[in-house]
C-alpha cells in the first residue's frame, strides 16, 4: 500500500500545473468560452503534439503513453483548477474509455491511433434531451436492417458534441427497455443523417450539444461489442468518466479556496484584512477540509479505476468508489463556490472576477452524471438493499 | 390583524415566567425527574389551586378560565424554558383537547370539572409500542360485546401514563385498518384490566409509560363521540398538541440561547471572553434567528388553533400550521441544544450543568408527534400532491 | 393576537385588486411578474410609465402621510396593498428607492423646501431615485466613506468628489442621495453629510457593472466635481450618519410583505415545474421544497410580528433584527432549488448567446442578497452585538 | 499510488486475525466490542488482563522499535494490525495512552533512564498511563497552564500543585504525564515542564466527573504537593511545550485506522437496525446513512494518504491538519443518526433507572469529540492559520 503519488506521477501533475497556469489563463478561458467551438484549436493541437495528454492512458500498442488512471485524474484535477477549455474530457474520459472497454482490436487501432495523433476528437452521446445517468435515460433507438443498423432519435447534453469527430452513441433496440437492448456505436460525425446543434448552457466553459439522428445507417464495423449487450460496459464507462469528473471538481474546489484566501488577505474592512476574521477563517478551513477529503476520495477512486481497467482485485469497487467521489466532490465544489463568492463580497458578483466561472461550472458538474443525492442513493443500494 | 400579545396575554406570559423561575429551578427539576412519578405533587397542586393553569382553555361553563390557545402556548413556552416537571402537557394539551373535541356535554361536565378542581390528571394513549403519529400506528383494538366495548392491546409512549387519573385511549375496531374504525375511550386508570408500567427514556424530565389493556370492559358512557369515527378528531387533537409542543420547543431553544450567551460572556479563553469570538457570536446569532423564527411560527399556529377550536376562518390551516411549527421548531431546538453544548465546552458535557437536560429534551420532543422530516412531508402533501 | 382583517380592510383589498386587474391589461400585460430581483434591467421605459399610471390611481406612496401626497394608510391596509400588488404580478417598482427610502428620509429629516421640491415628483412617479451608499473598498464597512463634499463659498454649492458602487437603477434615475465626508479630517461615522444630488450634470458619470448574469442592474457612479445646491443637504454637515441610519430602518417596513409575495410567486414557479417534471415525486426533493415553503410562511409570520410590534418603543425588535439574514438566506436557498429541481435541463439557457431563463437569473442574482445591505456575516455580528449584548471585535 | 498489500502483508494479516480469534474466546468473549468511546468505564479489570494477554502474544506496541520492546512493524502492517483488531471486535485498549502517547514521547524525548524505567511496563501491559493536559479554565487554551512545579532542593524532587481535568482512566492508571509551569513568572507556552508522575501517592487525588451519560470516564486530578523525582522530567525545565507538541503529532498516527474500524463497527450496528426496523426503506434516511457511510470511507482514504505522506518533510500535511475536525464531526453525526434511525423507540433506555443502550451512549458521548483535543473551532483556527497562512486573531 502506497497511497501517494510516485515521483513520475508527481512530475506529470506538476507539469500539467505549470503548463496550464501559462496557457489556461483567465483571459484565454474567457476567449475560448465565447467562441462557437468552445476552445482554442491551436492550443488543443499544441497539447496533442507537445504534451501528448490525449494519449495518456491509451496503451502503448495503440501509440499511447500507457499510463494509468491515477495519472489521468492528476491531470484532470489541474484542468479543473485552471478551467481548461479543450476537448480533453470528451475525447479522453468519455471517448477513449468507451473505446478501451467496448471496441474490438481493429476499432481500437483505427480510432485510438487517430486520437493519439491529434487527428480525432471523440465524445459519448447516451442520454436523451432530459439528461440522466440511468439505462432508462437512453432514448435513441436502433433497428437492424440486414447487416446494417439504423439509428433514430435525439441525444442531449453531448459534451463537445458540436466539434467531436467521432460520436460514440448509445442507442436501444426499438421496443427494448431498462438495461437490455442497449448497443454502442462508433458514428463519425459526418455520417449522413447526423445533425448537431449547440445546446447553450449556463456554464460556458464546457460546451454541450444536441445530436439528432435521422435514419443514420451504420455497418457492423460501427458496432462496438455485441448488439444489445452494451449496458454493463457503458455503465462502467460512465463510472470511469465520473471519477475523472470528480477529480476536476477537486481542482475547481482547490482553486476557489486559493482565490478566496488570497482575496481575503488583500481585502481590508474595518481596518483589517478580512482574512483575520474568524468568520472568514472558519469558512476557509471548512473549504480546505472539503478539498482534502474530496482529494482523498478521488485518489482512491482513481486507484480503483486503474485496477478496474486492468482487472485488479479492487475492480468490483468501481461503482461504489465512483459514487463516493462524485457525491462528496459535487457538494464540496458547489459549497466552496458559494463560500468563495461570499468571501469575495460584491466583486464576486461581477463578470470581471473569475469566481462566477467556477460557480457555474460547479453546478453544471454537480448535475452531470448524477448529482450528490443520486450517488448517495447508489451507495445506499450497495449497503442497504 | 394584530400579531402581538394583548396586554392580558403578556401578563399571563410574564406571570408564568416569574412563577416558573421561582419554582422550576434546576434543583427542583433534578429532584422531580428522578422521582418515580416524575413531578412534585405539591407543586402541581399549588399550580392547580393558585395559578389555575390546568383550566386555562377550558370554557367557563365547565369551570375553566375560558382563555384561548394563544394564552396556552404562551405558558407552554415558559414551561419549556424552565423544564417544568408537571402533568400539564398531558392533562391540558392532550387530555383537555381530546375532551373538548370528542366528549359529549355530560362527559365534559364530569371530567373537565374534575380537572379544573385539580382532582384529575389525564393523558392520551394512542400509538403502539413503536410510537408514530399516523392512524396506522394505532394498534390497541376494541370489540363490541352487547352495549359494552372490550379493549385489548398495548399503548406505548404514553406521557405521564403512570400517574394520569384518566386515560384517553384510541383503539381500532378489530380487523379495521387505516383511518377507519378508530374510536376514543375515556378510561379511568383504575379500570379493571388496565396495567401501567414506567417506560424509562433518555429524557428524564418527561415521563413515559406503557399501558397494557387486557379485556378492559367499558360502557357506552366511556365512548367519546361515535364509534369508529374518531380519526379526524384525534388527528386534530394531535395537531393541537403538536402546536403546544412546538411552543415548548421554542421556550427550550430560548433558554439554551440565553444560557450559552451568558456562559460565553463569563468564560475566558486566550485572555478574552469567548463571547468576543466571531465563531461564538455567529453561532449565537443563528441560535437567535432560530428562536425568533420558531416563535413566529408558533404564534401563528396558536392563532390558527384558536380559530380551529372556535370554527374561525383559518381553521382549515390547522394541519399546515402545526406541521410548519413542529418541523421548524424541532430542528431549531435540537440545533440550539447542540450549539449550546458546544459553546459550553467541557462543562456542557457534565451532568452538573443543565445543558444536557435540554439536549435530551430536544431530541425527545423532536421525535414526539412526528419529527421534522415527517412534518415537512406533510407540508409537501399539501403543496405538491 | 388576532389574524383576521376587518371588513373595511377586506373592502380595501377588493378595491386595489380590481384596480390592478383593470390596469394590468393590454400593453401592460407583458410587464406582469417582471422587473424583480435579477430582472430589474428589463422594460425600464414601460415600467417608468407604469409608475405614472400607479400615481394616477393614487397608488404610489400609499403609506405616506396625506399631507405629503400619500394615502396615509394604516399598516393593515399597507400590508394588503403590497400583498395584492405582488399577487397580481404587477411589475417591480422602479420608483421604490424614492418611495421607500429617499422620500421617508426627506419626510423625517428634510427641510420644508426639500419636501416641496422632491416629494411631489416621487408621488407622481415622474422622478426616480437611486442610492449612493457603498463605495469600492468600503463594502460592509459603511462608515468607511471616502467620497468628499467641500463647500465652495464662491459658488454657494457643495462640490462632490468620489465614487459609489452597487447603485441600482443609477442610469434611469433623476436623483441620487449620497453620503459624503464634509469634514475631510473626520473618521468613521463622524463628519458625514447626506446630499441630494441631481444625476443629469457634467460631474456625474454612471458606468454599469457587468454581473455574473451577464446583465447590469448595478452601476458605479463617479462624482467628479459634481455640484449640489447648498439647500440640498439633509440636516447639517455632520448629520449624515444619523440620517443614513434612520433610513436603514425603513428597509424593514411593510414592503417586506410585498417582497414575500414576490418570493411566493417565485416559489410557485418552482413548485409548478416540480409537478410538471416529476421532481415532486422524489422524496428528497419534496423535503427541500417543503422546507422552502414553510420557511417562507414563517418569514411572513415574522414580518407580521415585526409590523405589529412596531408600535413599541421604537427600538429594533428581535424579530426585525434577524430579518435580513433570514430572507437573504432563504432566497439564496430558493435560487439553488430553482435550478436543482430541473436537474440537467436547468442548465439550458433560454437562448443563445447568453440569455438566461427567469429561474436561472433568480439563481444567480440571489447570490447578491447575502452580500448587499450588510453581508450575512455583518448581520450575525449585529444580531450578536445588538440583540444579545455580546462584545464587539477587538480593534486590530 | 498503489492500494494492494504484499503477500507478506497478507500473511501477517492472517497471523494476527487467527491469534485474535483464538484469544477472544471463553471469558474474554464478553469484552468484544466493549470499552470504546462512551463505554470506557466498562470492564476495567478484565480489560487490564486483556492488555497482558496481548503482551504475551507480543501484540502491544507493535509499531515501536524492536530495541524498545516493540515489533518495529512497517506502516502497512501496523495498519493491518489495527484493522484486524477492530474487525475482530477486540476491546478498547486501556493501555492506549501509554502505548500511543506516553511511550512514543519518552522514546523521542526521554532519557535512557526513563526509557528503562517506563517502557517495559507499557510493553508488558502492566502499567497504565493517563494524561494531564487540560485544566479547568484553560480548555482549548492549552498554553494557559496554571499547575506549578517547584524544585525542592532539600528533597531533590519536584513538587507539583494544581489541577487537571478531563483525564480519562485516571483512576485506573499508574502514571500520569503532566505539563506544569516550572518558571512561575512565565506565560503562555514558555517556562513549562513535562513530568512523569506516579499516581499512587498522597499528593494525588482523583475525582470522577459525572457526565451527561450518567457515567464517569473522565476525571479531575488534583495535585497537592505531589512529588516527582528529579529524573522524571522529560527534557529540561522549559521544554514542556516542545515535548507536548511532539506528542500531539502521535495522535494522527496509524491508530487512526483502528479508530475508523471501530467507527465502522458502530455504523454497522446502525445499518443493521435500519434494515430491521424499516428505516432503510425511507429515502430520506437512506441519504443520511449513505452520507455517513461514504464520509467514513473517505476518512479511511484520507488516513491512508496521511500515513503514506508521513515519509515527507515531517511537517503536518494538509490531510493531517483536517483530520481531527473531520472525524469529530463525522462521529457526532453518526451519534445523531444512531438514535434518529430508531425514531421514538430510540429514546427508550436499556434499563431503569438510567442505563443507556450502546447507541444512546454513543449518541451522547460523541458530543465530547468536537470539544476535547481542541474544539472544532480551535481546529478551524489551526487549519486557517497553519494550513492557509491566514492571520492570527488580534490580541484582545
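Lettered A, B, C and D in written order, each chain numbered from 1.
Keep this in mind: a residue touches a chain if its C-beta (ideal position, glycine included) is under 8 Å from a C-beta of that chain, and two chains touch if they have at least 3 such contacts.
The structure displayed is predicted, hence computed values, not measured ones.
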| message | Farthest chain from subunit A, going by mean C-alpha coordinates, please. | response | B
| field | Contact-richer chain pair (by C-beta pairs counted) among B-D and A-D | value | A-D
| request: List the centre-to-centre spacing of subunit A and subunit D in whole Å, with centres computed as mean CA coordinates. | output: 41
| Chain centre separation in whole Å, for subunit D relative to subunit C (CA means) | 54
| task | Express in whole angstrom the distance between the two chain centres, defined as the mean CA positions of subunit A and subunit B. | result | 53
| remark: In subunit A, the residues touching two or more other chains are 272, 276-280, 282, 373
| remark: Among all residues of subunit C, those touching at least two other chains are 283-284, 287, 377, 380, 393-396
| said: Using the touch definition from the top, list the residues of subunit B that touch subunit C in their complex. | reply: 1-6, 9, 70, 257, 261, 264-265, 272-273, 275-276, 278, 280-282, 284-286, 288-289, 292-297, 299-300, 302-304, 307, 312-314, 323-324, 327-328, 373, 376-377, 379-380, 383-385
| field | Touch list for subunit A against partner subunit C, complex | value | 34, 129-132, 156-157, 198-204, 208, 267-272, 276-277, 279-280, 338, 341-342, 345-346, 348-352, 355-356, 359-360, 363-364, 367-368, 371, 373
| List of subunit D residues in touch with subunit A within their complex | 1-5, 9, 76, 79, 271, 274-275, 280, 283, 286-287, 289-291, 293-295, 297-299, 301-302, 304-305, 307-309, 318-319, 321-322, 325-326, 377, 379-381, 383-385, 387-394
| request: In the complex, go through subunit B and note every residue touching subunit A. | output: 277-279, 282
| said: List the residues on subunit C that touch subunit A in their complex, please. | reply: 134, 137-141, 144, 165-166, 209-212, 214, 277, 284, 332, 339-340, 343-349, 351-354, 356, 360, 364, 367-368, 370-372, 375-377, 380, 393, 395-396
